[in-house]
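Chain IDs A, B, C, D and E follow the sequence of writing; residue 1 opens each chain.
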Amino acid sequence: MIPDQLTSGQYQTVYNLFSLVIAAQLFTALYLVAAQPRVLARYRQALLVSATVCGIAAYHYFRIFNSFRDSFVTDATGGNGVYTQAPGESFNEGYRYVDWFLTVPLLLVELVVVLALAKKLQTSLLLRLVPASALMILLGYPGEISDSDATRNIFGLLSTIPFLYILFVLFVELTRSLDRQPETVRNTVSKMRILLFATWGVYPIAYLLPLLGFDGATAWVGKQAGYSIADILAKCLYGLLIYRIARLKSFADDP
Amino acid sequence: MIPDQLTSGQYQTVYNLFSLVIAAQLFTALYLVAAQPRVLARYRQALLVSATVCGIAAYHYFRIFNSFRDSFVTDATGGNGVYTQAPGESFNEGYRYVDWFLTVPLLLVELVVVLALAKKLQTSLLLRLVPASALMILLGYPGEISDSDATRNIFGLLSTIPFLYILFVLFVELTRSLDRQPETVRNTVSKMRILLFATWGVYPIAYLLPLLGFDGATAWVGKQAGYSIADILAKCLYGLLIYRIARLKSFADDP
Amino acid sequence: MIPDQLTSGQYQTVYNLFSLVIAAQLFTALYLVAAQPRVLARYRQALLVSATVCGIAAYHYFRIFNSFRDSFVTDATGGNGVYTQAPGESFNEGYRYVDWFLTVPLLLVELVVVLALAKKLQTSLLLRLVPASALMILLGYPGEISDSDATRNIFGLLSTIPFLYILFVLFVELTRSLDRQPETVRNTVSKMRILLFATWGVYPIAYLLPLLGFDGATAWVGKQAGYSIADILAKCLYGLLIYRIARLKSFADDP
Amino acid sequence: MIPDQLTSGQYQTVYNLFSLVIAAQLFTALYLVAAQPRVLARYRQALLVSATVCGIAAYHYFRIFNSFRDSFVTDATGGNGVYTQAPGESFNEGYRYVDWFLTVPLLLVELVVVLALAKKLQTSLLLRLVPASALMILLGYPGEISDSDATRNIFGLLSTIPFLYILFVLFVELTRSLDRQPETVRNTVSKMRILLFATWGVYPIAYLLPLLGFDGATAWVGKQAGYSIADILAKCLYGLLIYRIARLKSFADDP
Amino acid sequence: MIPDQLTSGQYQTVYNLFSLVIAAQLFTALYLVAAQPRVLARYRQALLVSATVCGIAAYHYFRIFNSFRDSFVTDATGGNGVYTQAPGESFNEGYRYVDWFLTVPLLLVELVVVLALAKKLQTSLLLRLVPASALMILLGYPGEISDSDATRNIFGLLSTIPFLYILFVLFVELTRSLDRQPETVRNTVSKMRILLFATWGVYPIAYLLPLLGFDGATAWVGKQAGYSIADILAKCLYGLLIYRIARLKSFADDP
């Protein structure tokens, strides 16, 4: 699936995007850590988990960036030429799946914590959602690295089953939870629901791009862009929204 | 637009400037973080955002520095010769635009927070300024990396429209805000306004240099110097001014 | 014992696993440090030691990752080929043993601290367990790096003696300690006991793989996977469990 | 001015000195940050500025070290031979001047803050001293990198004018300030005055070495040693003295 | 004195030892910083100095490790061959002496602080011990890097004079100090005395190894091992003991 060559423009686009994601994740993580004293102690757990998610993503994008830089090369002066796959260096799609394997469960924990559900419901939700998300990611990986469209299709489909299950459970629970929220935060929680559904939906679409008739390099660049932007929304923006909810709730609890 | 060769003196100038900007941004960021306990809690948000802006810039200048060092090379002993573009390595102007894309909105947030405007006005200002700044940067990029003067002109012009809009809105609001400020900080806020207009104005001028009849390498070095110095003023000096305002306001509120 | 060649798939598996362990250990360490204020002062020592253990492991896996990356190479485009041992670069199994030499005693200290045993019993336990663990690791190393199956067998066997002694002492003490625990934490301590026995048992099994009739590369990849996963469970999961116990005890002491 | 070759001993001397300065500056910076809570809030500003100065110097010496290591090379086994300038790599004297450009103004700020002069006098002093120091450094640089002794002489002379002006102003003010100091710190402030004059005097002497009849390599090594040792005294030792004054004043104010 | 070649086993031993020392020093430093809030304010100075000592050592061992890795090379597959000195790369023994030059005075300061001697005695002790230790190290260095046994002997002997003087002064003072200590810490201070004498004694013995009839490589590996282990004991273990004394004294002062 990794294209044999990229134009200079395609190379620059992916390169700059990856660098942007590093900066976004790293500084969101640092910001959320530094903002800890600005919310009540009871909401710091959620902020800390958000910061951890962004920190883990910064680490992986740093590796993804280096992997990309080393695995596509050109001989053209000033880099103004066609980039081809380097000898002995592989662009490692695996970093993303390792990242998701660690961060998706944490995002779910965060969500459940922020909704302030009853302890029992929290546990029961996580016991359903975390294994489903692990399954979704493990099933996606063989399709991602396969060179055959059929394999990609099959594993994509299999991975979609736990994906839909997660969305269904979340939709039901987020809707129910809205009533329990104080007036002031209801609006933000509702926005968060939209954000969550909108961004999580980007991942399978990006995954599908190579199957949608785009030619190799274009589809691949689109996929990288899709995953990168979705990761900024699902981690950084999501983390900042959680910070906002925590601020609002802190004011509501102790004005 | 990237020159085919630089003299040893031009290479050293750009090299030392980039290294200076790294040090300035990095240590301003660290200083602002460490200075947090010296202002009242209500002003820490502004300091933290300033620190984040400088931190993001330090990251990007670190990359810009490495990109420059790797993309211009010489064979002369002790580096005392003409530097030419290296094979396979490109000087990436994109880092600046990624940096601005993240930091300009943050600078606007900072400004609006420090002026302590009414919540409603804050939101309405940001909803106008942030999209305008994103547009300004996105429109500037294609001109920046283009090899044709015509393209550079057109995109420069297009980018100037949101730029002038931002300046206009800011001018009106900063003027209005001056009356609302306590006596002691009015002076500093007024200085900040001058700083903001003076430094933001440097960017389009630096952009124009290649069009002003300077030869390739000279114009390019001038542009790098212009952007670098403007970035120090618009981020570090601006951040330190905000720190000063926050200190003065802290004394005024709780003497 | 180090295989002469790995398939591309085997190389990727080990590569991604090592990177996963770095991320897991590093961010668990950072999380445990940042979570310090969330438990009572008297339980911070245990958290700090846990964080140190994960930090030391992150350092060693960083080295292990680099050692692996540099010591297996291919010339195939995009890295899609057979990987062979590089000239002049050795995969250093020693890092693991250095890591265990530092972290196993710390894990024992942690355990003893968390169980809140009487001071005297603590000292007597550590005086028995720490030397035994040092012996276990020192005896394992010559077998690990030997190319002869006989040497591997003999040192493995010798190392198992202190291993069984440690398990025996721990089993007796953990069982006794359960009664002393407040109601609310008894459950978690009991889980910790199962975790400890289950994960520590993985190490000798991984060590044995090459002797169980698997061919060279398969056994070696299995061994690396075994050690890596066991290290995540015995350090990260264990540290997070200790955090949980500390939280529960903090609530119990000062509700 | 950069010598064509260095003996192995000269290379080692400069190499170890630069590494020593990195360690000294870095750990003084970290120490001063960590020591913050040990002085009263009103003296923390001075400590923080000291820490920033040492941090900036650590950054620049790290670059100077790498620049030196890369720009002088040998082929001799074990490095036991004559070192010559590498092709394409230049030893960058500019780092020092960038460093001084940032740190000398900060050192002056520090001094003025610690002397606890009246606000008005502080401002008036800084408005005279900071521009003079900038001038001193900017005038020194062209002489430093020039290959001609005449240029070196002229710029050295020009740079000495603001230098003497600074010393004169400081001498007058430090003397006056001594009376205003509490009994207990008078002694330390007086020591600081001697330190300041003694160390600042080293810089122009080191600059002059190449003109004092020493042969190229010897003079150059002497200059590097002179600058390095002066930087340790003027930044680290000076910062630690300021810490001491702050401690003594803290006790005096709040025994 | 640096051997022309090392066996694979000797190379691995030194390599793993250096990596162990990095981990030990780095994490002891971090631990001591994080443990600061666990002792009374009056004992934090000693902890901070201990942490600084270990931090400085971590820095130098990081450099020593890299210097060793780069200066001994082999062409054998998987690194399974004889290692010889690389062209152009020198193993730098100087790092140790730079390290001692900074850390030995700090260790003496620490000791004097922890013993809580009268201010006057503290000053008088340091005025005798610090110069003696500087002399000891400066005299040792020329012997260490010399290729001649005679030079090694002479400078070793000269260096031993201040060494014995230090031991003598310390022995007298530590003995006297024991009476002044509270009951509970007397035991630990007494242990510290034994530790100090035992570990400081290792350095001259390691220095002597090449003169004791061992062949080049063996003696050199023994020397590195001796210095490395002594550095762990004299810095990490010593720092942790000081932490323990500080904890005990904190309890004694404020139970």
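As a working rule, a contact is a pair of C-beta atoms (placed from the backbone, for glycine too) under 8 Å apart; a residue touches a chain by one contact, two chains touch by 3 or more.
Worth saying up front: this structure is predicted, and the values here are computed from it rather than measured.
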item: Centroid distance [mean C-alpha coordinates] between subunit E and subunit C, Å; value: 29
item: Rounded Å distance, subunit B centre to subunit C centre (Cα mean); value: 47
item: Contacts with two or more other chains, residues of subunit C listed in rising order; value: none
item: Overall pattern in which the protein chains touch one another (line/ring/star/complete/other); value: ring
item: Successive chains around the closed ring, taking subunit A as origin and subunit C next; value: A, C, E, D, B
item: Complex contacts: residues of subunit E adjacent to subunit C; value: 8, 12, 15-16, 19-20, 22-24, 26-27, 30-31, 34-35, 37-38, 73-80
item: Interfacial residue positions of subunit E with respect to subunit D in the complex; value: 2, 33, 36, 41, 44-45, 48, 51-52, 55-56, 59-60, 63, 71, 84-92, 94-95, 97-99, 101-102, 145
